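Please find one structure pasted underneath; my questions will follow.
Labels run A, B and C following the written order; every chain starts at residue 1.
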Amino acid sequence: MADRMADPLLVVDRVTRRFGGLLAVNSASLSAQKERITALIGPNGAGKTTLFSMISGFLKPSAGDIRYAGEVITGEPPHRLARRGIARTFQIVQPFGGLTVLENILVGAHLHHRGRAEALATAEEVCRYVGLHDQLDRQADTLTVAGRKRLELARALAIEPKLLLLDEVLAGLNPSEIRDIVPVIRGLCGRGITIVMIEHVMQAVMSLAEHVFVLAEGKVIAEGAPAQVAADPVVIEAYLGHGAAAKLRASHAH
Amino acid sequence: MLSPVILIPAILNGLLMGAVYALVALGLTLIYGVLHIINFAHGAMLSAALFAAFFAFRLFGIDPYAAVFLLAPLFFVLGYALQRFVIGPASHGDDRNMLLVTLGIAVVVENILLLAFRGDTRTINVPYAFETINFGFTFLAVPRVVGFAVVFAVALVLWLILSFTDTGRAIRAVAKEKLGAELAGIDVAHVYAVTFGLGSACVAVAACLLIPTYYVNPTVGNAFVLVAFTIVVLGGMGSVPGAVIGALLIGVVESLSGLFLGESLGQIGIFIIFIVVLLVRPSGLFGARA
Amino acid sequence: MRGFIPIVVVVAVLASVPLVIHSNVTLNFLVVALMIALAGQGWNILGGYAGQYSFGHAAFFGTGAYVTAILQVRYGVNAWIGFGAGIVCGAALGGVIGALTFRSGLRGSYFALVTLAFAEVLRIIASVAPITGAGVGTLIHLDLGARAFQFQSRAVFYWIILGLVTLSLVVARLIKQSRFGAWLIAVRENEDAAKALGVDTSSVKTTAMIISGAMTAAAGCFYAQYFLFVDSGIAYGTWISIEALLTPIIGGVGTVFGPLLGALAVRLLGEGAKLVTGDVPGLDLILYGAVLVLVIWFTPRGLIGGCAQVRGWFARRGRPAVPFINEAGHG
């Protein structure tokens, strides 16, 4: 693992979350290096979004700690974390439906800009950056899926975060839309933003992420560089089922 | 004041009264559990049902306990129609709008009743109204005992319907996961309407049980329904056992506080419980955490 | 600054009314309508902007009315100071209810219930507590003169309530173009998304409730001074809870002028019904309930929203709205 010199911006330390009898996240640990893209992958129901909800303050861990920029943030409410610089997008997009695109982003921009003129300027800049500048005045609930994803991203960027949690931001996009949005995401690291992304679109994970964590049934079962993880038999089993890794090896041998 | 001779009947009466509250609360909690809104028209329904039972007796000589079999289906149909053709379409699927629409209906119904029947209090006279049964250590009023029994019968019927009929299963499915139920082909609008109808039928039965010993005027429904709100919140929104147990508890509390504090302050006691529960444990005793 | 021009125009027009119309009946009608508009604007800040629907705004109205009346009648406090005290008490009550309910995370149905319960508790207490005169109510002695906030001329009352309404319009406009307003609306549209963007939702909602309480209490204070009599049914009755929510919804929930428009419409409706059917008690409430249901059904955005809908329809002139396929190239 490269770059052990710098302290990770985000450290999730053996975090556990129970829902009644269900163990959704089981002593999971991960870390995200500053200004790098870290991916969190795993089969459906693995607990990835639950983990994000805990990092962003929407859920409290049943056990374990979360540290951001060296400080313990476990259990802090979402708005306080947003002010610290942690932004998240939602897996099921949550636009302010009745407001325009610009008004949506404005809400985020207002976090660090009290005055309306300043906030508007910031919002417009963000809008331009994600490529929505020709739809400033469209009502958010009339956008296409791709538009809504960009809006979700734009809103999160408007709060000027240092850590951006992207929850399946590529889901529902067709290949050309994915191709358009990937460079936007990659460019964010250049602006000083650390990204942790939950993704199912493997091609994007391969091309974007520098470090990957694999979550299955609430536990981290593998981590490493994307190519390494993709070849890991434990990971293959988690996605394709018991014995799949052996079957694959056997079929390759022929 | 604290002698058992006075306390025990007070508690028992509280339980019996609580049973009737339970019936009203059952309707409310059922509607909340499935439609996820509080039916603000519930009180107006009760008032209307009380008047219906009153006129059934006065005009047609139908005994209240017999009227149950007439009014329960009637109010089921009324409730079904109200939800299917007014509340549902008017709300456009928005919870907040549904609240407002039920509020509007409540205001309309109550004031129509006020207009038609004015604020005068009416009562009916049935021969068994003041009869009591001797339980050995105390005497209990016949209507109250009958009421208690009927409530449990109704609760049982409801439980049977919910657990074993197709409609009941559909209702439980919609209550748990509306989108999934819709995708599975369940007609959600119909289920909502059936639930509303069941809730209204409960209210009609409660009215028939109340009328032998209670007075009738347009504002009675309101008084009952605010107690019912308290019960539903205490027992847990959407929980049937919660409604029953909460109702019995509140019945006893009301009886005892009436004994010690007098009528109006007793009412405030209920409200204070209500507000405290909402603030401290909104999910109630048996409700799912929001 | 541009946003305030409509307010200036409307207020100027309304202010000139007593110069032209001298009928006491008309002036009285307008005074009451404006008072309801003020109460409704209070509701609008909480319900229209923040999306928290209160079913018990009578709690604030009645508190304003009683505080004003009781301070004068039992403690000899000057009427104007009493007025101010009533507003402060309304604000404080808003802060208390807000802090209690929003910190517990209560929303939607629960919030409506709690506000209803608070209003009812206050009504019951007021109907039995000696300090409010219990069932008999509180009567403010006639003492015409500016010092006692009582005026012979209805026109003066009219201008005073108009002044208060103007203040409420200005506050509503200011909120709308401020950060606070953007946050309120965000909370209304999607509370979780707002939290993720750094909005302290309970604090924002509580502040809205304080402002809301102050405005509706002001309407109550005015009631006491204008009618000189308050009892528990008037102060904390369902009638004002209903009118306070009805007027913004009819006029246009979440708009600046909605409550004003709605109040005029609702009151006109009430008066019109009385003309047609005679003074039947409760008829106006029946109408209000029916109108509430009809408005939500057919024009949920109220009169102002309805106009926008019609304008939009004319602008498109039957042309279909932009289809999604146009978005193909650029998401």
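In the analysis below, a contact is a pair of C-beta atoms (placed from the backbone, for glycine too) under 8 Å apart; a residue touches a chain by one contact, two chains touch by 3 or more.
Computed from a prediction, not measured in an experiment: that's the story for all the values here.
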Steps needed, at minimum, to go from chain A to chain B via contacts: 2
Which chain has its C-alpha centre farthest away from the C-alpha centre of chain B? A
Taking the mean of each chain's Cα atoms, which chain ends up nearest the overall Cα mean? C
B-C against A-C, pair bridged by the larger set of C-beta contacts: B-C
At what distance in angstrom does the C-alpha mean of chain B lie from that of chain A? 48
Per the C-alpha centroid definition, the whole-Å distance linking chain B and chain C comes out as 32
Quick one: chain A and chain C, Cα centre-to-centre, how many Å? 43
Which residues belonging to chain C are in contact with no fewer than two other chains? none
I need the residues of chain A touching at least two other chains; which ones are they? none
Sites on chain A touched by chain C in the complex: 56-58, 77-79, 82-83, 87-88, 90, 94-99, 103, 106-108, 110-111, 114-116, 119, 131, 134, 142-144, 146-147, 149-150, 155-156, 158-159, 173, 177, 180-181
Touching residues (chain side chain C, partner chain B) in the complex: 51, 53, 55, 100-101, 104-106, 108-110, 112-114, 116-118, 120-121, 124-125, 127-128, 238, 242, 245, 249, 280-283, 285-286, 288-293, 296-297, 300
If you look only at chain C, which of its residues touch chain A in the complex? 177-179, 182-183, 185-186, 189-190, 192-201, 321-322, 324, 327, 330-331
Chain B - residues contacting chain C, complex: 32, 36-38, 40, 86, 89-92, 94-97, 99-101, 103-108, 111-112, 114-115, 226, 229, 233, 264-265, 267-268, 271-272, 274-275, 278-280, 282, 290
